[in-house]
Each structure stands twice: as C-alpha cells, then as structure tokens.
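There are two complexes below, and they share chain A, which is joined by chain B in the first and by chain C in the second.
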Partner chain A sequence: MDYQFLALTIATAIGISTAILLAATGELLVEKVGVYNIALEGVMLVGALTGFITGQTTGSWVLGLVAGGVAGCVFALVFGFITVLLRTDMIVVGVALILVALGTTQTIGSSYVAVAAVAKIPNADIPGLSSLPFIGTALFQQTWVTYIAAVLPFLVAFLLFRTRHGLNMRAIGENPNAADTAGIAVVGWRLFYVGVGGVFAGVGGAYITLGIVDSWAGNVTAGQGWIAFAIVFFAGWQPLWILIGAYFFGALSVLGDVGQVMGWGIPSEAFTVLPYVGTVAVMMLRAWSQKRRGAVSWPAALGLPFYRS
Partner chain B sequence: MTVMTDRAGLALELSGIVKKFGDLTAVSGFEICFEPGQVHALLGENGAGKSTLMNVAAGFLTPDLGEIAIGGRAVHFGSPRDAIEAGVGMVHQHFRLVEQFTVAQNLAIGAKDVGTLTSTKALNERAAEIGATYGLGVDPSKVVGSLSVGEKQRVEILRTLSRGAQVLILDEPTAVLTPDESDQLCLNLRAMASAGATVVFISHKLNEVLAVADRVSVMRGGLLVASRERSECDLDSLARLMFEDVTQADERRSARSAVSLGTEIMTIQDLRARDERGAMALKGVTLEVHDHEIVGLVGVAGNGQQELEQIVAGIRQADSGTVVINGDEVHGVQAALRAGLGYIPEDRRGTGLVTAQSIWLNSILRIYKQGSISRGVLIQTKKAKKFALELAKKVNLSTADVTTLVQHLSGGNAQKLLAGRELEGDRKAVVAVNPTQGLDVKAARAVRDRLIQARDEGLAVLLISADLDEVFAISDRIAVIYEGQIAGNFAVGDADRDEIGRLMGGGSANGLS
Partner chain C sequence: MLRSSVDSVVVVPGASRRSLWPWRIERRPDPERIGLYRISAVLLGLAVSLAVAPLFTSTPPAEFYSAVWLGTFGSTLGMSNVLTIAMPLILAGLAASIPYRLGLWNVGIDGQMLMGAWTATAVAFAMPQAPGFLMIPCMMLAGMIGGALWIIIPTFARIVLGVSEVITTFLLNFVAVAWVAYWCTGPWYPKSSAGGVRAEPLPAQGELGKLDIQGVVVSWGILIAIALPFVFWAAFRFTRWGYEITMIGDNHRAGRYAGMNVRRLLVTSMLLGGLLAGFGGTIYMMGTSGQLSTGLTNNTGFNGLVIAVLAGSNELAVLALALIYSLLLAGGGSLGIVGVDSDLVFAIIGITLIFGSFGEAYARLRLVRTKSSRVPPESTTKEAPWTINSSH
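Here is the complex of A and B:
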C-alpha cells in the first residue's frame, strides 16, 4: 500500500467517525447524570434531515449544522420530558421515538432523496500542519467539525473530572438523592444534559448529510446512533475511550473501500457489516478486561427515575 | 469543639402542618416551635409522623397545609435546596451519600464555596478544614462506601453543617451507633446547641432523649401529645405519652433455661478475611455458639463485624479459616442454608427482603425449591400463600393480606416478617445483625422475644449488635470484637459494662493480659 494512499485512508477514517464521535460524546454527558437516551438514532435522523433541508434552502452549511443541533435538542427534550419529568421507562419511550423519527423523516424527506447537497462542509486545512508529510494529509486536512469533535472528549473529560460542576453531575448520576439533599437541581440538570446530548447528536446527524454522504436518504444514519450508544457503554463511560471507539469504527468502515481498491476479493457485504460487528466485539473485549480488573464503573443511578424521598 | 456560626440562632416554627399520603394522614396540624440554643427531642413510636413532619421542615416534602417560619420569617420550601439556603439541614436515617465518592467529594457536591475547578488535593484540604472546624474527624480521601456507619454519619453531619445549617435535624441518629459513638454524638449536639444552633433530635429511645434534650415533644398518630421542658419529664411519663397501651418500656431480662453449655452448633475457626480495599478485616476470629445459647457480639462498627457476618452467611469468601454449622463446613449461601442457618441481615430492606414484591413471595424466598411449595419448576401459589399466611399470623404481622407489597410494611412489620422467615423450618443456628435497629420499643421487643424463643427451642443464635443494652438484655455470652479479633468473651453474669466498653475501644481487660 502506498504511502499517500495510507494517509488518505486514515484521513477518511477520521472524517467518517465524526458523527458517531459527536453523538457518543453527547450521550456520555447524558448518561453521567443518570439518563440514557436510547433514542439517539432517532435524534441523529431528525438532525440529519433538518440540517440537510436547511442547507439546501439557505445554502449555508453552518446554518445547516445549527438547525440540525436545534432540531436534535428539541427532539431529545421530548424524550427528556417523558422520561425525566414523567418518569416513564426509557427503553419503551426511546424505541417509540426512534420509530417516530424514522417514519417522519422518511415522509418529509422524500422529495430530497438523491439530491446532491449544495452546502457541503468544506475541508479546512490547518496552515503549516497540513503540509507536513503524511501526518498533514492524514490528520490536518479535515473539516472544522471533525477537529472540534476530536477535541470535545478532552473537554468533556476536563468538565467531568476537574470541575465542581462535573462533580455535581457525577453525583446526580451516582445517587440523585444525595445530590438532591446537597441542594443540586437533579431534574433540571438531567433535562439540561438530555438537551445538550440532543444538540451533539443533531449536529452529528447533520454532519452525515452535509459532510459525509452529502445527500439525504431515508434512514441515512444507518445505525450510527446505535453504535454511538454502544460505544458509550463499552468505553466504560470514559471520554478518551469514546474517541478511540469512534475512530476504530471509522477505520473499519474505510476498510471496505480499501479492500475494493486493493482487490482483496472479499464480498462487499462483509465489509458493510464489519464496522458494526468489529466495533462491538473490540469494545466488548475492552469492557470485559476492565470488568476483570474490577475497574468498570457505570453511573450507579443510570436509567433510574428520580423520586425525592 | 467549636461551631462557627455565620448566622444568629434561628427558631423553626411549624404551624398547622398537614401531610397526607393517600388515605393516611401522617401529620395532622399543630403548632410546634424549635428554639435556638436547644436540643429539642421529637419523640414517638414508628409511624407517629416525626420524620414526615421534619421532612416537610427540610424541604423534602411539600405540606398539604400549614406554614413554616424560620427566625420569624415565613418561608416556602420547594426543594431541599431552598431549605439549605434558609439554614435548615437534615441528616436522614438512611444516609444520602454517594458511596463511590470520597469523603472530600461528598462534602463538595452542591457546595458553593468550592472553586469552579477542583483538584483532589484542594478538596481533601477543604474537607480536613471542615472536619477540624466542627471537631468531627474523618479521613477525606477515604471512599464513603468503605466507611463504617458511624463514620458515614459524621460525613452527613459535616456536610449539613458546612452548608451553614443553623437548624440541624437528625432522624434517629443513634440507631446505628455504638454506645461510645452515641455518647460522642450527644456531646457534639450539646456543643452545637450551646453555640446557638437549633438541634432537632428525632428518636424513639427514651433514655437517650432524657440524656440529651433540653425540651421534649411527643408525637402520636400524627398529633403532638405533649411538649415539655426536660426538667418536667421522666421515663414513665414519657413512655405513657408515647404508647397509650404500654406502661413499662424497660427491657425484660430473660434467664437462660439450660445452665451448662450444650453442643457446639456454630464453630468459627481462625477466620481471616480482607475488606473491599484489601486490608485485613478479620485477623483470626475464633468463636463458638452452642445450642440453646445467644452469643452477643459487640464492637464499634467497622471492626470486622460485617465481614464476619457475611462469611458466616456464605455471601463472602474468607482467606482462610472455617465455619462449621451443625457439623458441616459451609461455603456459600446454599450450603449455609442446607446446614440450617438463618440469616437476619442488618439491611433488612435491601439484603433481607425484596421490597417491591409481596409478602407471600418474600415468605418463601428461602424454601421455594422445597416440595412443600414447588412441583417441578412451578411454584404452587396456593400452598405458598397458605404458608405465608401462617407465617404472618405466627409473627403477628399488621396485615393478613399476603399480597401486600413489603415496601408498604412498617420497619417493625418488615423485620418481624424477615425474622419469622429466617427462623422458620428446620433451623439449627441464626445470625442476626442489629435486628432491632430503627424499630420502636414494641416492635423491638417482639423481635427480641422471637430470638429468645428461638434460643429456647435450641437454636444457636449469633447476635451482632451495636446496641449494648440489647446485648446485655438477651445474650447468654458476650464477645467483643476489636480490629478483626475477639478481644474478650464473657458469660453474661461475669460481664461488666465498663470493661466491655474498654475492650470495644481497644483497651485491655482488667485482670487479663
């Protein structure tokens, strides 16, 4: 494999992981306060269509991403109101909302199918760094969204483990009654972060239609929301492992294209499945080894509704 | 100890508070005032409405009717946060701590005086400072889940005080403490009151109320039946106020029928084990319990009782040593059960019972595999319910409806059910841990009587308790555990309270080396 080709492959892998990375990072925030938004796939779909339509009508990919984020936030808050405020089962509500998103976006988006995006997200070469041999091509000729997505897990890690607010967030996820007794607004913060997670997933969805496939199709997210959801679990709720998990998925996704170019003679279906199976398998191995070391720790109140008592 | 007061003393006045849960009126409207500079005890049986009233005062419950005034100003609490800001803090019977966090982190959550950025070092220093300010020492870097109950309580009190609470409400604070810890707590509460704080002390223990309070209010059935200065109270009058139908609340001492020791039923031989952090928790414990005998094991919480209890019950592994029950060396829950061991754990609603399930399902948890209840893989509901009904009658449960969920039972009834279940059938031995903790006098007596009855029927009873009165009242022998070793072992007639207290604190026994 030639040198430049490898660099391009790495660049593609990183770019393609952006949506999953954003969604998973947002979901981590949500889960750290004790809620899991299992409707992530639906939130991404809503963001993907809203972003695409906004991009088509305004011609601006920035507005497209913003609209995707806002739509994702609103849709996630629907989930939040039903589960956090009304304390309904998260799985039932989440699955229902995914079906709602799938059907609605398919209907509304039918006239946009197979239309090329007019507001594609451009690559932004980092001056200086992008002209470095190999590394420049591999890492520094991405879109702004990809750069930001790569930095976010570090910022989230800092927020969670180095700030007072992060401590309060973790307290809500571990023991909401303790947090409540200490004067923390448990329900308010849970809703807030469900909304924030919605922004992340919505932007991630919009990135798929404006930055990766550059078009809309029904179910365009193709399970990326589910993968993001799984990555959070298998990463053991650790931000940096989420980064690794997302990039691993990207790498496996690119492998199919590489295989075709290189003529490995492996059926393309196998490569379509590989990223999903591979990511889950590897992350499960990690989770398993962590568990053996007794180091795995999920937020103790994850998925439990809060009742003041 | 010094108490920093950033606010002058605040009186807490509750007027006409009414709180209903469905059909049940927990608190039904009366005037009560808690003055600054006083320890004010709120006395009453389980279910008298004490905790409900004070949960309203601390913002955990919204009253249906009535008004709260702090320092003369009317307030409305929508959440505990509002109450904290008004200077009211509550230490609950079941602690509100994040078990996975360190002491320092627990003291920091929700606190406003912690910097936006935190570091372990800064939080530890802050926690040490808070500990020093209020004279309650706890290691800031310890994970709360690994602390003893007494230590956890100190963390709770520190958290409440460090938020500037001037009205400190404590719900049954001594229920889980050793005598020494209780004495220390009472001293601390007295000191806080002297410094101008308003201390509300919820309790159903008459002796300790008389020892610590300046003023005593008695609640019964959601109503205030009396509110008096300490000088106007004595044991008998308070007991009469608390229970209409009980005249004497003192404990009955029951002598053992057999005089000489019987056969060894439970033999714990040179048991060694580690705690969660890998430190040695048991350093060679040897203890025997004979048939027709209650051995009371006393010690300050965190000296290995929990590890010992769990190993005997089969839910924890020992590093070395053996547990023999009725001739069989047991490892694991099923083996212990087969050997005839009953287990009444401290955490009755967590470990002991499945609260979200019905009485009848809880009744058969230990025996559902037996032919009397099951046929093949099917549980025979009718037989199970009949069994449960008999059990409920036998232990005098408040309800005869065995489909009632256990979470709706009071603490006393839940414990009667648990003790009944664990002593039912062909039992040879039983381990009971703080079996009367949090129960009122009547319910506690019922549980103790049941243990005595089990003893008289020939069981070997290992009673692990933090309540020295209880151990002295019903044990035949008393063993003291200190730092994972048996520090002393006495027939109850030869046991001296002071000496036992010394041994619990790590001192050596008189006349022994």
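Here is the complex of A and C:
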C-alpha cells in the first residue's frame, strides 16, 4: 500500500466518523446529566431528512445543517418531555420514537430518494497545513464540520471537568436529589441537555446526507445512531475517549472496504463486527476491573427518573 | 457499596428557588388501574394515528383504508399474511416478556432469531438426506440452542459483572447480521441467486407443511406459536419457578430475603428469552421462505419488545397484542399497492406506544399547584458545604 493511498484511507476514515462523533459527543452530555437518549438513531434520521430537504430547497449546506440541528433538537425534546418530565421508561419511549422516525422519514422522504444533493458540503483545506506531505492529505483536507467535530470533545471535557457548571452537571447525573437540594434545576437542565444532544445528533444526521453519502435514502443512518450510543459506553463517559472511539469505528469500517480492494482475504464482515464485539468486550473488562476496585464509571443516576424526595 | 467517579462534590446552597412554573409533577400516592389507563391510551393512540396516517400520504383516504382492509380481514391472502407475520411475533413477544418480568430487557431478539435460524440451517445442511420427521425436530432444537447461546454473554455480563444487558444484547444483533451475511455470501452462497443476502434454500423436507383453512394458508408452526403463550401463562401460575418469578418481579432484593435463588431465576429467564427467540426465527424461516437471509427478522425483535411492554407480564395479552400487531403490519404491508411506503406502519405503532406512555404517566403522576411564592427559603444554614454521597 503506498503512502498516498494510506493517507486517503485515513482521510476517509476521519471524514465518515464525523456524524458518529457529533452524535456521540452530544449523547455524552445527555448521559452526564443522567438521561440516556436511546432514540439517537431516530434523532439522526430526522436530522438527516430535514437537512437534506432544506439543502435541496435553499441550496445552502449551512442552512441544511442548521435545519438538521433544529429538527434534531425538537425531536429529542419530545423524548425529553416524555421521559424527563413525565418520568416514563426511556427504553420504551426511545424504541417508540425510533419507529416514529423510521416511518415518517420513509414516507415524507420517498420523493427525495436517489436524488443527488445540491448543497454538498465542500472540503476546506487548511492553508499551509494541507500541503504538508502525507499528514496534509490525511488530516487537513476535510470539511469544516469535521474539524469542529474533532475539537468538540475537548470543549466538552473542559466544560465538564473545569467549570462550575460542569460540576453541577455531573452532580445532576450522579445524585440528582443532592443537586436539587443545592438549588440546581435538575429537570430543567436535563431537558436542556437532551435538547443540546438533539442538536448534535441532528447536525450529525444532516452531515450524513449532505457530506457523506450526498443523497437521501430510507434508513440512511443505517445504525450510526446506535454506534454513537455504543461509543459513549465504549468510552466510559470520557470525552476524549469518545474521539478515539469514533475514529476507531470509522477506521474499522473503512478497513473492511480496503481489505476487499487489496484482496487480504479477510471477509469484510470481520471488520464490521469488530466495533460491536469490541464495545461489549471493553464494557465487560471495565466492569470487571471496576468491580474489583468498587467504583463505577457511569453516572450513578443514569436512566433513573428524578422525583423530589 | 459502589463508589461513583465523583467522590465528593462541594455544593454551595443556592438562593431560594425561583419558580418559572407554578406547577409541579409528583407521584400519585396510590396509583391504581395503571394497566387500564395504558390500554385505553393505546387504543386511543391507535385510532388517532390511523385516522391521521392518510394525511401524510397523497393517497385518498378511501383507497388507503380499503387497501388496509384487503390486506387483513378482506381477503384470504390477507389473513394468511396476518397469521404468518404473527408466528414469529408471538415468540418474539414471549422472548421479551419473560425476562421483562424480572426487570431485564432483551433487546437482542433479532440477533437471537437470526442465530437460531442459522444454527437450524447448519443442522439441516449437515444431514441433507435425513427424512423430514427427523430433520424438522433437529432443526427446531438447534434453533432453540442457537438462540439461547446468543444471549449467554449478555446474561453473564449482567449477572456477574453488572453490565447493562440493554446495550450488550442490542450490539450482538449487529454481530448476528454480519455473521449471517458472511455465511450467505460465502459458504452458503445460493446456486441461483435471486436478490438480497440469502443462503442456499433448505432441503425441501426441512420446510414446515402448510395448513389450509378455507383458503387461509399458513404453516403449522402457527399452532405452536399460539399454544406457547398458554403454556407460559399456566407455567407462571402453577409452577414454583413461575411463582417465584411472579413474586419477585423487578424487586430482586425481596426475593433474596425470601430465600429464593434470584441469580438462577435471572439466568433461566434470560436463557428462555433467547431460546424462544431462536425458536421463533427458526420456525419462521422453515414456514415461509425456506432459506436463511439477513432480512429474515425485519425488526420483529423490536416489535416483540413493544408487545411485551404493552402486555405487562401477561402471556395471553402478548398473544392478543401480537395478533393485533400482525393486523397492523399486514395492513401496512398492503399499502404498497396504493403507493404508500409500508414503513408508515412503524410510525403508527410508535405513536400508539407513545400514547400508551402518556396513559401510564397519567395513572402514575399528578400535577400539583405549588404554594404561593411566600414559601421561605428551604435552607438558611450557612454551615454547608455538604457532600454528595451517591450511595443510594
């Protein structure tokens, strides 16, 4: 494999990880305040279709991404309203909303199937850096969205671990009753971050239709929302591990195709499977080591409804 | 006691709470008739979403509903379809319902169905000359074992290590799809390919025979599928195992105090879930296409989960809901004739389920007006900071 090919492979892996990375970063914020939005796949689908339709009608990919984010936010807030405010089961509502998203986007989007995107997100070469040998091609000839997505986990890490508000967020996720007693609006912030997570996932979905596959098809996300959901577990709720996890997943899915081209003789399914098996294995290993140390890495109130007591 | 990653957080008490909204949601002290509220809300949701559904399409409502009618009660073909769809759905509903009684989520039913069907196919290909009366029981047994094996790792992870079974069972679905895709495109690549990722068809004697009830044609697997909910309904009432599971529910600690082997019950209920799913995938394959394919389950597992939650620990309700659900799916499938995407039915089901959640929330919660804003600040002490101990 020559260097140019390797550089392009890395560039592709980073590019296609963008949507997953965005959604996973948003989901981390949601889970840190104690909610898991299991409907992530549905949120991404809604964002993908809204972004695509907006892009087709306005011709602007920026508006497409914005519309995807807004739609994702609204859809996620439906989830937030039912689970956080009405305290119903997150799994049931999540599954229901995925079904709703699947059905409505297929029906509404049927006239957009197999149409090429008008407003394709262009690559933005970073001056200077992009002309470096190898690294330039591999890292610095991406879209703006990809650059921003790569920086976001660092910002989220700063927010969570270096600010007073981040401390409050973690308190909400660890012990909502104590946070409530301290005057933190538990339900309000939970709803807020479910909405923020929806923006991230919606933009991620719009990036799939406007930046990766450049078209709409039914169920275009094809499980990427679930992968993003899994990455948060894989990363052990650590923002920087989310970055690593997302690129790892991207690299594996590219390796499957590369292996076919290069004739490695490894079935591409082996690469498809690795991220899932890897996540299960990492979760079990982590649980095993934490069991011995007596600590857990997930927010202690994750998935529990909050009642003032 | 588990220690959280935030060991101690110093919190400065905030100022007195400003209320943006003079209402508060709180639990009803004595929630009653939750099931009734839920089912009423589900029926209401079904009616509303069915009434609204044609508006999302360009098809006139009359054509829309006549297509749904013809796809279900309106024709023998429609009824055959309904029963065929019901066959794996009932089993998927049971596969989710039995672990759900103990508060466990089996989100990996699709994977377990595929792995059951794969194991059964492997057995059939290993004995291609065997007569049907030998091959069919062997395949069914293999399907059960394959499905149960596929849930062993999540069960172990949950019960020994405490890893949430929601994510592990779900992720293994993708692994099962890839595994089946590999066998369908590799070792079992069909001699005459007809689109989709499908394996070589099963030997003819390995397929289930068809019943013909006045034109309604369905494989006899449906008889097993309809009988099983009654079997489990009886098992939960008349066996010790069923009694213990019913008593414990999701309060595992109570069971432990009562001297029950909770761990054993958790393991058996999870394995039984996998076993039933594997069996469902197997008889569906043997009774319909007669060949393994990645599209075999088509979200049956998710639908089974929905059914189990709505049925609320009642196997006969699983049966009834699975039949209603099959009517919806068959009716939705027939919408393709009038140019509507059949996935619209997923939206109908999803909205119905959300209505059910509203009904349950209404039964459990109430809206209370908070007292006037003259409430004194909750804490005037200044000696805090105090510590958050997340050992609840």
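One rule holds in what follows: the second predicted complex is superposed on the first by the 276 of 309 C-alpha atoms of A that agree within 3 Å, B and C clash if a C-alpha of one lies under 4 Å from a C-alpha of the other, contacts with A are read in each partner's own complex, and residues count from 1 in each chain.
Just so it is clear, contacts are C-beta pairs under 8 Å (C-beta built on N, C-alpha and C of every residue); 3 or more make two chains touch, one makes a residue touch a chain.
Just so you know, these numbers come straight off a predicted model, no measurement behind them.
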Worksheet entry | Most chain A residues touched (candidates chain B, chain C) | C
Worksheet item: Which of the two partners, first being chain B and second being chain C, lies in contact with A:154: first, second, both, or neither?
Response: neither
Fill in: First (chain B), second (chain C), both or neither touched by A:3
neither
Worksheet entry | First, second, both or neither for A:179, with chain B first and chain C second | both
Practice prompt. Considering only touches as defined above, state whether A:264 meets chain B (first), chain C (second), both or neither.
Written response: neither
Worksheet item: Looking at the overlay, does A:100 come into contact with chain B only (first), chain C only (second), both, or neither?
Response: second
Worksheet item: Is A:134 contacted by the first partner chain B, the second partner chain C, both or neither?
Response: neither
Discussion item. In the overlaid three-chain picture, which partner chain does A:308 touch, first (chain B) or second (chain C), both, or neither?
Written reply: both
Practice prompt. With the two complexes superposed on chain A, say which partner A:171 touches: chain B (first), chain C (second), both, or neither.
Written response: both
Item to complete: Would you mind listing the overlap between the chain B footprint and the chain C footprint on chain A?
Response: 167, 170-171, 174-175, 177-179, 181-184, 297, 300, 308
Worksheet, complete the sentence: As the complex stands, chain C meets chain A at residues 1-6, 9, 11-15, 17, 24-27, 56-57, 105, 107, 153-154, 157, 161-163, 166-168, 170-172, 174-175, 178-179, 181-182, 186, 302, 305-306, 309, 340-341, 343-351, 353-354, 357-358, 360-361, 364-365, 378-379, 388-390, 392
Worksheet item: Which of the residues in chain B come into contact with chain A in the complex?
Response: 60-61, 79-81, 84-85, 90, 92, 96-101, 105-106, 108-111, 114-119, 159, 163
Discussion item. So in the complex, the part of chain A that touches chain B is made up of which residues?
Written reply: 162-168, 170-171, 174-175, 177-185, 297, 300, 308-309
Item to complete: State the interface residues of chain A toward chain C in the complex, per the touch definition above.
Response: 38, 82, 85-89, 91-93, 95-104, 106-108, 110, 167, 170-171, 174-175, 177-179, 181-184, 218, 223, 226, 229-230, 233, 237, 267, 269-270, 272-273, 276-277, 279-280, 283-284, 287-288, 291, 294-297, 299-301, 307-308
